[in-house]
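Okay, here's the structure, questions in a sec.
Note that the chains take the letters A, B, C and D in the order they are written out, and that residue 1 is the start of every chain.
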């Protein structure tokens, strides 16, 4: 019997997998165990024709998930290898979907990975920065997927825009010539989307182990709240079997 | 025919002099690989042993371990590195040095670094970039400028050619004339850095014959004409991976990160002996080993290496 | 997992419709290979049979046979081709048409074509070029403009992005999803054209399994994501070479050149039946064969093909 | 016994081979049997460390010469394969040496491969054009190597400059920012070099089967004539053995 109680990371992968459509092309980015699991799961489920490309590998066949998902351990078996030269072109053409994490995320879905507090040359806290910031602005849509849901992560306004979300809202977003923007934000506690008019984040569903109250308390800005907030759908036993048996064979999402 | 052909193969003992000759204090150094794969770690230890200071660093858009060790060892003044991370955790020395103001970490991204290396590789002074919109990065990026397309009239960016004084790369195979062959699936920006840099030193896990190179010319990733010196250093990428030969030594990197993080906190708190672990690491692992064999003994010897080789073979 | 994956493999009989759908009269068509190697000759014959007219042509910087046949067949209005030659002699139809004013042959060079394809592949509107000095080519090149470097202030050139409507390429191997593998040492500008073009059709001498592709991902020269259709056409590059499978059919190319040269002279001199040889070639070799098997029979059948295979194997 | 009477093409290859220095890097171009023979011969003789690169192959090992020298027949065996992408960079950095042929060549060594007479859009005669025109201006030096020596080829002024020689002389050459320029012009009849002051072509030596009178008559401009014009040195028997036995095994230069 499969244990159908899934972990937050497994649920995040499941939620994201259902967003990806057959025939689309996208990539997972660095430190991307959950996004890559989502893509692989979608391919097993409803989207066998998803093309994984745009980083430096095409349609990889990882035997297990790894924390990085950007080296030969995970991706050595694939249909083609590219380099950063080709990534330059992909970054301009954009993808159908991409994924981002953030050290700070604000209510417009802007992402900061550079620094918090102080100045750019003498920050209070320096983050890792980001390799590729362009997919946020050139892809049809991207997903924000975080390992933490806290007021430190979800802030009213990021100190520095590493990867743009909706900037200051519709006007600035369109003025900047950005495409797509963030579609969902999936955390260990909840799923958020963006109000189509204001482009601000709102609660979409709450994971069964959390509550609206907890999510609101752990979000550092005023989260949009619909009248009714459903509980996030859990994967059924067959889906969880696929996720554990075919995608996350090493149990990385169950740690 | 090749009896009089000049060899580029150098002995490991010559490396320090070569590096010192080709890289001055304050110069721009390029490092190959990405994150924990194919990093020229043995060559980086030679840079540290050679005592170079105030270096500027550029790399493929993702770096971590080796950059952090160089910063911990006091070699670095400025970085042009998009992402600096150990992936499961931050780079302690990088973070500590930037927060303390002793290292200046420019806000650059993949397109500025890749575009800059492309421009230098192509022999032109800049590369056009369009896909910078909304982010604060191009606004703070010393490599970026605005430009107008002479055909369409559209406003776009240019990123400045990056021409490193020296590139240090690691690959799995090479011949004595400097023809380099990556056996790994991923080669990241290694070829571009070789084309962009004034001087190029490549460490290879094993030397192969030129006949072997000629038998499969399409597999040569960096032709000899871009390479100034090649050196055979088995496990020269350790603790990063060199696939398909050996995998990533995550335990080693974690161990380093623990002592570096303790040193960072000690530095910030001004407290006690918490930096001793890092000092010990730098002495015992980085500076003391006179040869690669000594280094490999220091990091766990045959048992550790066999485990990493087995993991790579099992993928 | 791949049970529902969409295949890009098409039957040869579908080619004409695909080409007609993806390439209109007057559109820009890109042709792979160089001179007498790896040219998509079978696909070019389909373009001619489809009756497309007023095409603009771009290629890797060196072209000859197939371009000349397209011009002889009346498909071409403009060329953006640096060198057009059969190497041992000039291209008769090209020369005749340009001298007669029926084809406009723009003065472009390798850097304008390669730079333009690079720009399109990279998704930017132009590529900087410095190395144009003294020549009359950049002064007459419709792809070139002057620009100033925003960093150095130096005056240089820009070459305009070239984004073909359709690229026709030939390689030795590919799988049914469109992963392409050149076995030849030389691949010229094929990858760049695939990245730069709106649509891409690749003919391959033989189909291979996707497992075979995954076993050696570094050898995939054009990933499936750039390819819209792949078609298996044995000897699809004939009379150009597809190494290491078959060599160049110099005798066939000479024979064509002889009749085309006679037609050119007849056209210039306004004289007699001297163009009949070319008309016969276009009918018998280019237009009449309903299948590649028919074509191969028309050009000499098994004996000729075996000789070309043997020459390639002996190199 | 080797037949030491060499052909014009063999002599051209020999003359050019002696110009190439050990440790230099250069390439032969397209339709380049003679230049490639010169490079290969130099490697066998005095310059084993010449690097052949800058086109799309590195250090090829052709088993024989071919008319083209730019496809796998000739170059499939080499140390590395590149593409036009890398050629773009080589074209900017330049080489130590390169070779050019011409439909028209003038007294300043300018080369025309585009058209003769009429206009650019309606030429009286359209030539093949040229793939790479940049090495003429970026390399340390280049050699002009022709299959014909006639007043139609050697003209006072080319109708169109495909690849620049010394333009209109020292002033224009330096104003254009060109590097190097043509070093020698080697034809089936003679060897020419350029006067260092005027940068105009002058006779350097005459092949034994020709004469100063013939060369002057077949050159369509006033060729500089030194007081004494030597006969071009012929290859000795050992050199010819090398050329025929190791380089031109198919006898392409003896046709």
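The rule we apply is simple: a contact is a pair of C-beta atoms (placed from the backbone, for glycine too) under 8 Å apart; a residue touches a chain by one contact, two chains touch by 3 or more.
Everything numeric in this text was worked out from a predicted model, so none of it was measured.
Shared contact partners of chain B and chain D, listed by label: C.
Centres computed as Cα averages put chain A at a distance of 42 Å from chain C.
The mean-CA centres of chain C and chain D are about 28 angstrom from one another, to the nearest whole unit. The set of chain C residues touching two or more other chains comprises 123-124, 130-131, 185, 217-218. Within chain A, residues 57, 76-78, 81, 85, 88, 91-92 each touch two or more of the remaining chains. Interchain contacts give a graph that is no line, ring or star and is not complete, per the touch definition above.
Here the touching chains pair up as A-B, A-C, B-C, B-D, C-D.
Residues 34-37, 60-62, 81-85, 87-88, 90-91, 94-95, 98-99, 101, 104-105, 107, 109-111, 114-115, 117-118, 130-137, 140, 184-192, 241, 243-244, 247-248, 311, 315 of chain B are the ones touching chain A in the complex.
Interface of chain C with chain B (complex): residues 119, 123-131, 145-147, 149-152, 154, 156, 158, 160-161, 182, 185, 217-219. The part of chain A that touches chain C in the complex is made up of residues 22-23, 25, 43-44, 48-49, 51, 53, 57-59, 61, 76-82, 86, 88-89, 91-93, 246.
Interface of chain C with chain A (complex): residues 1-6, 121-124, 177, 179, 195, 210, 213-214, 217-218, 220, 222-225.
Those residues of chain D whose C-beta lies close enough to touch chain C in the complex are 30-31, 56-57, 63, 67-68, 70-73, 75-78, 81, 83-85, 87-88, 91-92, 94, 113-114, 118, 120-134, 136-138, 160-164, 167, 173, 176-178.
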